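Shared chain: subunit A. Partners: subunit B in the first complex, subunit C in the second.
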Partner chain A sequence: MNKKSKFLDITKIVVIEILLFFLLLIFFKIESVLILFVAVALVVLVFIAFRIYKKQVQSILNLFALNRPVVLIILLILLILYPVLSPIIIPRGGTYWILILIQTGIYIITALGLNFQLGSAGMMNLATAAFYGVGAYTAGILSLKLGWPALITIPVAGIVAALAGLILFIPIYKTKGHYLALVTLAFGLMLVLAADNIEFLGGPQGLKNIPSINLFGYSFLSSLGGLHFYTNYYYFVLLLVIITVVIFHRLFNSWVGLTASYIRDDEPAAKGCGINSNFQKLLIFMFGNFFMGVAGAIYAHMIGFISPPNFQFTQSLLIVSIVIIGGMDNILGLIMGAFILVVLPEKLRVITEYRIMLYGILLIATLIFRPRGLLPFGPRKYESLLGFRKGGRSDVE
Partner chain B sequence: MSSFAIFTQIIFNGLMLGIQYSLIAVGFSLFFGVLDVINFAHGDIFMLGAYASLVLINLFGVLSASGSSYIFFLIMILLLSAIIVGTLGVSFERIVVKPVSKGPPLMSLVATLGLGIAIREAVRLFYPRGSETKRFPEILSKLLGNKSLEFGGVILRYDNLLIIGIGMVIILLLAFFINRTKMGVTIRAVAQDGEAAEMMGVNKNLIVDVTFFLGSALAAIAGLMNGIYYNSIIFGMGGMAGVIGFSAAVMGGLGNVYGAIIGGFLFAMTESLSAAFIPKGSEFMDVVAFGVVILFLVFRPHGILGEKTYERV
Partner chain C sequence: MSNSKKRIFYTENIEMRFGGLYALRDISIDIFEDEILGIIGPNGSGKTTLFNVITGFYKPTAGNFYFMENSLNGKEPYEITERGISRTYQISRLCLNLTVLDNILIGTYFRQRTGYLSSLFDRKKLLKEVEEFKRRAIHLLEVFNPGIIDRLYEPVGALPQIDRRRVEICRAMIAIPKIILLDEPSAGMNPDETDELMKDIWKLKSEMENVTIVIIEHDMSVISAVSERVIVLNFGRKITEGTYEEVCNNKEVRESYLGKEFVYE
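Then we have the complex of A and B:
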């Protein structure tokens, strides 16, 4: 490929990404219901156009796949620029959308933890929000009662959430499928009921005035270059999301991910191949929980107030549906799912009343028409695992 | 009160709740048998049952009736709400549950959870002032008065006794239906091996419909009982009921109807015993009950009456 066409490709990518980014910003800006419906109609039209011009779309997708580093760098730049641009383009509610994006980020971290359990290893965990709550309460208690700094409470919260998963080690050994779903569901309900009734944890009132994050003397409550203080959290969460995505991407392409998939697809066969599936499952469960705990701790520090209703079963359901709607064992799909299920309902606030019902119907419709999620995961590609990269042949697929 | 009286009272409360839980759990077990699916919307079907009977009571103006026509109205409400909710259950099955049951099991679980949310929200939005707690009329105490049976310090309300009696009759009828009728045998055959049953000429789709009708109707009756027992209903009451019903079905052994009934009583007894004997028990009773469920799954994963399954390579 000569230099000129390479340059042309990169320009194309830049233009497309910036265009998409501004479309998203405009979508945030729209307030009137009518225009919102027009926007939805446009999206549907675009999808139909995709169906008709398959070749062109495919060529664009190929372009993105071939120049992945460029795509990611531009995406990163746009994401970093977002908090600066948002208040300018959306004078009313720009900071609000930053908050929504932070929440999306927190959900992505949680859902990635769940995806490792549910998507990779096939272990249903309906106590996701409860483990997230364990992290939040740990961070709250440690910083309120002991005055520990956030830099320590966040990882400790993750570890405590992982240890809370360890309590379930016998059920994890012995049950699977629907039964494991029930065990985790019951465990989650137990944790929420317990938090509601233990006075040390604040009971139904929860914990108030949890201090904000203070990183090496820099308080996250101070404004960053004249921007709203949410911007601090935005960058912090962005960094953590990137780290988490990288970790899980590497894990997916490692023997750990492969072992997990083997256990998910055929556990007796995996055992037959000498995999200690019980131990692996426990590790996977605890590792996933760690990230839920971390996400919970960030939430607790940012909002400053937590109470049991924040961590109820409906929250778990939201996180599970992020993983399932996006497509299991697929990080890109999961991020898409998080955007659909967290950002879109915010937009639907104009029809507040019917929001939750629409969410239920959306869930059903997705699963009826695309039972494997929006971006179902195809067969694994073993290139990176077997050590050969681009251009190498992959015989095993 | 003597310890005997306290104990009897606890057992009585347990029976009262146990009837309701059993009727819900039977649905979970039946559906799992014929479609291999956990229908998490079943708790909300139970809630629909309570609302349907409330609507019927208001519609008929039952409370103004008297004498033998009053009894007739009560029976009509029981039957009509069961039929209405049963039909709704079949339509939900046709639209949602059966299509998703062909996919991976966890997907169908999430889809039915979504269905439950949709039903709950529909009631909240479209029932007049649906987000408030609704008062359920005390239709039985009008029939029996506010009297109660007293012996040795035990106080048993007559209307509650009647509910237990009706529940027992329904459970016996169910057992008869499952065991002795041709349809019951067919349902069991489909539950055991759907494909083989189809090869023997069983119309599986019809059986699935019948099963969902039966399960939903039983849940509706449980909803009516719940309304009479607590005198109040709310749109969100199905969430916890669904989880409890599922737990009871699992404790008894998924797919086994008798197991579900036993599981329902077991769960209710655990709740009422822990409410009585554990300090701060009424707050922690569900914590204890779910702890028992988890222990059950650990030590008897296939439930009390469930068949033990082995995985073959």
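Then we have the complex of A and C:
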């Protein structure tokens, strides 16, 4: 009996996930603006239906929450299958959507780094794109001038971005609150200006012909089983996103996350509990920056061309919006935010000039209707990604 | 008086000045091991300022203070907490969005032995430590109010005022300090809750061996019930100290509370 209901549950999850996956693919496929609006209207209708059938929706959400390992494994399988299915279902532009998903992945890594600073520890960093640029330029210079392989340049780029954060942090070690935001803002503008003017970094022309990633003799430019070479990057970024998610999930569910939350919510109280908050903030800042640098390096290697406009303030704003809209200190919310803010504008190419405005509208709407983001952080349960550890629940209930 | 007990903390002529205002002047006090010390005084007499100086939030403009014969001058709050002085706040300083459990566990901060690396690569070690501290937190809650244990994973903001106070006391206790400073624990409570609070303070005392409790209070019933010794402050100066009865009969104390004309010889 029990086994049977378990099987039924799993079947339900599989069906729902596959359904959602194909809906997403169809959404990618739609090109006509009119159909797109119909699709958006449908989504709105679905949301209204959710309101009406609250109980059923809640039971499905519970089903997902209780079977987290199954949900994640199916999701992983679907994500792995995506590059194979995409060209079949979307004959025109299938590879384009792979590229968009790669970009989403890169943004997720960057935003996770920022989320650790902003969402977890309450440190506003408006130089996100600049630190991402530091990573990109480091990888570019190291591979162009010194011929280092990507396997080394990517982590080194992360470390350099972290060190840039250290340099930024020294003068503001003892300032609080909004000063940090202001200093990072200035720092970001400065870095872009510097890249624009330093001949060694290519000036306004940027760096060209950055070599693609070559992993143990396997060039990422070769086609993987007849698929476009982007597929290599897709899997690479997917792997890195998974690693990053695991890292930040583990940190959230540990003393590190708890310390960060306390510093965010009440720094004097944190000090009163024995926390050396300045030093902890420095560590958090550098750790978050590391991931921005890594993301930048992947971008540089994939696109092969970087220039200062790629790393401007508007980019930082996009990443900040992902964190705020998605949900502070919540990884799932952040991933949803990244999808909304990266994929949606691609669909709205028609109104391209107003895209920045869209971010603004979304941001304000979020702050009015869901001030803590789509999915705000939940209780810290010191659990693992695949669900409760054994016996972890019994002592609570 | 308390001469048989060991002196663990003392100040020498502490002065705390904000511009031209002397919040504390010439304060020399001793705190002994294993006692309950009450600090009273009218509004603005410098009680909370004294706590802020002891815990390092304010740096005194003159004078010295020592804990276990080590100078605490110029030490940061986190260093002082680490040496064994914990406190609660007049306006409770809990993170209301975080869970009850988190708010207590943060008190174990400087006893934690797992940092970034173990959090990422050695989950077993981390979870063992979390389990251990969680057991301790549950044990403390059992002493104060077992009802809170069912609500460990609820945000602390969902608890009533008195339970928040208790959580705050647990946060201070879980660090196993030598001295606990309670800054007006009965603030904002009704008489029934104040009664419960007094019981809590006794529980606290019996739960931890050799702990010193220093308590600021406006509610004289709390002070008379729990404190073994009382220090009276007024206008930033120490007027007198002694047992509750001694202090109550002191003329200067009566003057400071009631005004000169109401004090009968």
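Simple rule for what comes next: the second predicted complex is superposed on the first by the 372 of 397 C-alpha atoms of A that agree within 3 Å, B and C clash if a C-alpha of one lies under 4 Å from a C-alpha of the other, contacts with A are read in each partner's own complex, and residues count from 1 in each chain.
Here is the rule we use: a residue touches a chain if its C-beta (ideal position, glycine included) is under 8 Å from a C-beta of that chain, and two chains touch if they have at least 3 such contacts.
Note that the structure is a prediction, hence the values are computed from the model and not measured.
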(Q) Tell me the contact category for A:254 with respect to subunit B and subunit C: first, second, both or neither. (A) second
Q.
With both complexes superposed on chain A, which partner does A:80 reach: first (subunit B), second (subunit C), both or neither?
A. neither
Q.
Just to be sure I read the superposition right, which of the two partners does A:20 touch: subunit B = first, subunit C = second, or both, or neither?
A. neither
Q) Just subunit B (first), just subunit C (second), both, or neither: which does A:269 touch? A) both
Q: Check the residue A:49 against both partner chains and state whether it touches subunit B (first), subunit C (second), both, or neither.
A: neither
Q.
For the overlaid complexes, name the partner, subunit B or subunit C, with more touching residues on subunit A.
A. B
(Q) Once chain A of both complexes is superposed, is A:357 in touch with subunit B (first), subunit C (second), both, or neither? (A) first
Q.
Quick check for you: in the superposed arrangement, does A:380 touch first (subunit B), second (subunit C), both or neither?
A. second
Q.
Output check: A:151 vs subunit B and subunit C. Expected answer is one of first, second, both, neither. What do you get?
A. neither
Q | First (subunit B), second (subunit C), both or neither touched by A:283 | A | second
(Q) Going by the contact definition given at the top, which residues of subunit A touch subunit B in one complex and subunit C in the other? (A) 268-269, 272
Q.
With touch defined as at the start, can you tell me which subunit B residues reach subunit A in the complex?
A. 32, 38, 96, 99-100, 102-111, 113-118, 121-122, 125, 239, 243, 246-247, 250, 254, 280, 283-284, 286-287, 290-291, 293-294, 297-298, 301, 311-313
Q: Within their complex, state which residues of subunit C touch subunit A.
A: 55, 57, 76-78, 81-82, 86-87, 89, 93-99, 101-102, 105-107, 109-110, 112, 114-116, 119-120, 123, 126-127, 130, 134, 138, 152-155, 171, 175
Q. Considering the complex alone, what residue numbers of subunit A touch subunit B?
A. 118, 122, 124, 168, 170-171, 174-175, 177-179, 181-183, 185-187, 189-190, 193-194, 196-197, 267-269, 272, 313-314, 317, 320-321, 324, 353-354, 356-357, 359-364, 367-368, 371-372
Q.
Applying the document's contact rule, which stretches of subunit A touch subunit C when the two form their complex?
A. 247, 250-251, 254-256, 258-259, 261-262, 265-266, 268-277, 283, 287, 377, 379-382, 384, 389, 395-396
